[in-house]
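Structures are listed in the sections that come next.
In the two complexes below, chain A is the common chain; its partner is chain B in one and chain C in the other.
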Partner chain A sequence: MSEHIHVPIRAKKRMKEIMTHYFLEAFDARNQGKKVAWITSGGPVEPLLAMDIIPIYPENHGAMIGAAKMGEEMCRAAEEMGYCGDLCSYALSDIACSRGKQGPIGMLPPPDMLICCNNICSTVVKWYEIQARYFKVPLFVLDCPMNHEGFSPVVEAYIERQFEEFFHFLSQICGRPFSRERLEEVGRLSYKAQLLWQRVLDTTTHSPAPMSAFDAFFHLALIVTLRGREVCVEYYSELLQEMEERIEKGICAVPGERFRLLWDNLPIWYNTRWLSEEFARYGATLVADTYTSAWCSTLSYIDPSDFSSSLARAYGRIYLNLGIDMMAEQVVDMIRRYNVDGLVMHSNRSCKPYSFGQYYIQDVVKEKTGIGVLILESDMLDQRNFTEAQIQSRIGAFMELLEQQKQKRST
Partner chain B sequence: MVVAGIDVGSTTVKCVVMKGGEILATKVASTGYDMSEAWGRVLYPALEEAGVKKEDVDRIVSTGYGRECVAEAHRQVTEITCHGKGAHFLSPEVRTVIDIGGQDSKAISLDEGGKVLDFVMNDRCAAGTGRFLEVMSRALGVDMERFGELSLSSSNPVSISSVCTVFAESEVISMMAHKKKREDIIAGIHRAIASRIFSMTRRLRIQEPIMLTGGCARNVGLKKALEDIFSCEIVVHELSQLTGAIGAALMARS
Partner chain C sequence: MRKEIFEHLRWVIENREEYIHRWRRRTHRPVVAYTCSYVPEELIWAQGSLGIRLFPVPPPTYRADGLLQPYCCLCGKGILEVLLRGGMDIDGVIFSNTCDTMQRISDLYRVSCKNGPWCRDLMVPCRVEGEVPLSYFTQVLTESFELEEDALYEALSLYNRSRELIREINNRRIQGTLEISAYEMHLLYISGMTMAPDEWVEILEEIRGMPGGGKRARQGPGIIVVGSIYLCPHLAVMAEDAGAQVLYMDLCSGMRPYERRVELEGEPVEEIARSLLGRAICAAKYRNIQGRIAHIKRICKDLSPDGVVFLLPKFCDPHCFDYPDLALGLEGLPVLLLEVEDPWRFSAQHRTRLEAFIEML
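Entry: the complex of A and B
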């Protein structure tokens, strides 16, 4: 098979089946006597699975709303209710959708409880408080202080204590004791899936890359929603195998890969295809990103033989809960590991903790690696913040710059 | 080798016809509604002025926002690369180019050969662009030609606090209601835009000499405001408005 032909990823079909099944199960939860918990994307899902609770991710739903190009109308609906348009577009669209505004799958299955972990941002706390009042359900907030300079034992102990409270909270809601044995089983599966996800992402260290970050944005859904379940492990094993096959056969994401780029921040969900084609015009593949790798970034802190005691260590220091210097360090590591020619940073109007500090990270990257950095202003969900002609111009100029750098290096 | 560079900007369309290193003819016109025909209104008159037949033109490169609309172009190159090339042609020692166009502004740092080392562009909003000045000139009832010069006579520039074009316009209108002097308001507007450009440019390593290109380079008031804030002389070439088109023509040669 030649590397000049675009070959779609087979696993995509299986992913759609799994996600459909997952949502059908969640919609039918009441009939099965199961409870539904809404949880933030960086939240600890394993204790929920250990208690047979079905987790639902409003942020994952937000991505679906974005991909269906419904973000703008959802945000407008929330603004009409009186919410400020400067708020996170995931929060706005989730609020609009829970109040009857129909999304791509209608509305989410209603929650029996809300689990909010502020390791990704502080907006989630107010957002979940609003939803707790609206749905009249209990809310558990897991507070993970920001690690400005490192992870201290005090912080670890503080989060550990909250995990104990969390287990207690779940056992009260379910009316049965919390099962630590079951948590260890779920934890082993979660760890396994995260390892596999990391290995899938690492297949792009191969040049040409068998998949791109745009593919990762899609295949991410399971590691977010179903880690801790057997099906997630099976899926990523299959996906990994397919990627290895693609490498063997010379199949790559962008035929004739000429440039390798790293993406920072959330995807622009409504325009992923347009963006991927825009970059592909110049033979550029986004080989990695700081976003999808966040779901395996704490692997080194997890002890699969004692999962429950590693929860605080892992959830306490996911990427978005780190100080800017540590974030910059991770970005620089990724630039080297994936051998990239340029960094593309999405300055995401919605996501303040992710976008704040990008200019600083840009400076660190330029100083330490010398590669070009492009900043694109947009929003992950709200199309009103995307200007095609401006973005096209910036990408064009950036690619001309990288081309020139490449020529300079080769002479 | 006869080449042409066409710069289809949001406000004006520019064409330069070159032979060797020499400019044979130039033309500027309003872009108007239809970008796909705008280039014809400058290319053909420029060729006529140059005394060159269309079939004798070896290559055409287009640039600017409407670069994809130029049916006759052999290649499209972004305005960043073209402004860098063009500025280097007009003044080879230039190391930093500030281009303030109709709908965006950019700063480009160049190496000694005129190649782009790095660039930054304004964020999505129109503040800090030529459009900002157009909106203000309309609000003040002063046409663009006189806008810059008038501000030079200001002795007490007002301070515009808003960075948004829409809000700044309301601010200007309220200043007019308070009978502030026109020249002071305009000088304040130039200061506001210059300070925005300055903070954007500072994201690059600023090296002198600095050249101002694009349509706004003709605005002497803006040039002065930039010189004040950058604390150095800003180079403006008489062909500054054509920098992008010249760069495109040079790209057509290579």
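Entry: the complex of A and C
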């Protein structure tokens, strides 16, 4: 097969089926006698699955709202309730949707409990507080202090003790003892799925890349929502196999790949296709990103034979919970690993912990790798913060720069 | 006498750097700046240093603008700016684990000013209720400060006394038995975050001893002010000029940091941790789902204000998230929302709105 023909990824269809089934199960939870927990994207889902609780991710729903181009409408609705438009657009759209504003799948199944882990940001604590008051359900906050310069034993012990509280909280709500045996089973599956996800992402170290970060944004949904379930392992095994086949057959994400780029920060959900096509016009593939890789970034801290004792180490040290110098190191590592020509940073108005520090990371990347860096200011959900013409012209100028760098290198 | 005291406080606030410099020259002791009122100033004092609250400088913030996006609050930018300028005569900076912005400001200072004053992150828990956060925070404090018992007890007593005094002064002012304006209270709040505690306690004792006259009824409608760091005295002055009485300032630069006491009976570091976690809650902390709402409602119940003024700092996520439910939670009490971009500024538009609000009460 020629690499100049665009071939869609087959697994996409299967992913849609799994996600549909997952939401149907969640909507039917009450009839099945199951409980529903809303949980933050960096939160520990495995203990929920061990208790047969259905996890729902409002952030995942936020991405769906964004992809359906409903973000602006949702944010406006939240602003009418008194929320400031500068707040996180995931939070605003979730608040609006909970109060009756219909999203792409209507409204989320109502929660029996809320689980909030601040390892991704402090915003989630405020957001979940508001939702807990609204739904009148218990909220558990797992506090993971930021690791500015390393992970201290005191912090590890603090998180470990909170996990014990978390197990107790779940046990009280479910009215039965917490099952550590079941947690170990779920943990093994979760670890396996994360390993597979890492291998899927690593297939793009091959040039030309069989998939792009835009594909990864889509295929990410399962590792976020269903890691710890067999179906997740099966799905990523299939996806990995498909990627390997694509490499073998020379099928790539962007026909005639000339430039390999790294994406930083959350996607601009309402314009992923537009951005993908815009970069593809220059033969550029976004081969990797710092966002989707976050769901396998702590693999080295997990002991699959003793999962529960790894929880604090793994959940306490995810990418966004690190100091910016450690984040910069990881970005530089990715640039080298994926053999990247340029870095595209989304300065995301909704996500301060991800965005503040980007100017520093940009400097480190330039100094250590010499590659070009493009910063696009926008918002992951709210279209009002996306100026198409300006972004188009910035991408054009950036690609010209990369072209010049490429020519310089070849002479 | 009274005039001299408040003139001196005004001088301290307007010449913070000079005050710090003189104190250092006089005592030959280090000065440590801290960014958040969850940092225990008594432990800094017990170590032989003066702890001063780091305030943001007003715009322009050219140096910080080069490191931070336009959607960063001016409080964060102003704090980074003052550190990057490097003019303060300080030995070190303690950052505290508060909002997302401050966490990144800490990172940016650490990576940008390697030759400047030392910096350290005090990882205050986000959760402030329960035995687990208390035990964690006690350990953090124990590891962060090297202390001698005598110095520790002396510092605890001194800071306890200073907080008792300012609470008493504020209470007597509200009751009408001590004549202190809201502007003068503002001077007290801010100077207390700058001056050496021994000197400040002396001043507070003098103010406390001032003749109060008989008990007076409340003059005009009473308001309380709710927000984060706000350093401009004009709000208080204008509110009183418009005929209102500012009953309470639940600000990080107001009464909030002073609303705690350390028990001297128990294990001292644990008692400090308990006192900080149990104090008037900040919007960036989590106690329970009613945290800030319960706190503001309690103030309203105690003081029966006629209205509440919310100072909402632009791009301040914790306070912006709290506002809608807080306003609703006040159950019909008139509310004025003023969005504040620069914590040093009170605009003409703010003044007009405040005056209209007070007239309406």
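Rule of thumb we're sticking to: the second predicted complex is superposed on the first by the 411 of 411 C-alpha atoms of A that agree within 3 Å, B and C clash if a C-alpha of one lies under 4 Å from a C-alpha of the other, contacts with A are read in each partner's own complex, and residues count from 1 in each chain.
One rule holds for everything that comes next: a contact is a pair of C-beta atoms (placed from the backbone, for glycine too) under 8 Å apart; a residue touches a chain by one contact, two chains touch by 3 or more.
Here the structure is a predicted model, which is why all the values come from computation and not from measurement.
Undergrad: After aligning the two structures on chain A, examine chain B and chain C and state clash or fit.
TA: fit
Undergrad: On the A-aligned overlay, A:125 touches which partner chain: chain B = first, chain C = second, or both, or neither?
TA: second
Undergrad: Between chain B and chain C, which one contacts more residues of chain A in the superposed model?
TA: Of the two chains, more chain A residues are contacted by C.
Undergrad: Does chain B (first) or chain C (second) touch A:157, or do both, or does neither?
TA: A:157 sits against chain C, while chain B stays out of touch.
Undergrad: Please work out whether A:396 is in contact with chain B alone, chain C alone, both, or neither, and reply first, second, both or neither.
TA: first
Undergrad: Is A:357 contacted by the first partner chain B, the second partner chain C, both or neither?
TA: In the superposition, A:357 contacts chain C only.
Undergrad: For A:110 in the superposed arrangement: first (chain B), second (chain C), both or neither?
TA: Neither chain B nor chain C is touched by A:110.
Undergrad: Once chain A of both complexes is superposed, is A:255 in touch with chain B (first), chain C (second), both, or neither?
TA: Neither partner.
Undergrad: On the A-aligned overlay, A:86 touches which partner chain: chain B = first, chain C = second, or both, or neither?
TA: second
Undergrad: Please indicate which partner A:377 is in contact with in the superposed arrangement: first for chain B, second for chain C, both, or neither.
TA: Both: A:377 reaches chain B and chain C.
Undergrad: Please state the minimum Cα-Cα separation between chain B and chain C in the superposed model, rounded to the nearest whole Å.
TA: 6
Undergrad: Hey, what residues of chain A end up touching chain B and chain C alike?
TA: Shared contact residues on chain A: 347, 359, 377.
Undergrad: For the complex, give me every residue of chain C touching chain A.
TA: Going by the criterion above, the answer is residues 66-69, 71-72, 97-101, 103-108, 110-112, 121, 123, 125-127, 130, 132-133, 135-136, 139-140, 143, 283-284, 286, 289-291, 312, 314-315, 317-318, 320-325, 327, 339.
Undergrad: Any idea which chain A residues touch chain C in the complex?
TA: 81-84, 86-88, 91, 118, 121-123, 125-127, 129-130, 132-133, 139, 141, 143, 145-146, 148-149, 154-155, 157-158, 161-162, 165, 323-325, 347, 349, 352-353, 355-360, 377
Undergrad: Using the touch definition from the top, list the residues of chain A that touch chain B in their complex.
TA: These residues of chain A touch chain B: 347, 359, 372, 377, 385, 387, 389-390, 393-394, 396-397, 400-401, 404, 408.
Undergrad: In their shared complex, at which residues does chain B touch chain A?
TA: Residues 65, 76-81, 104, 115-116, 118-119, 121, 123-124, 203.
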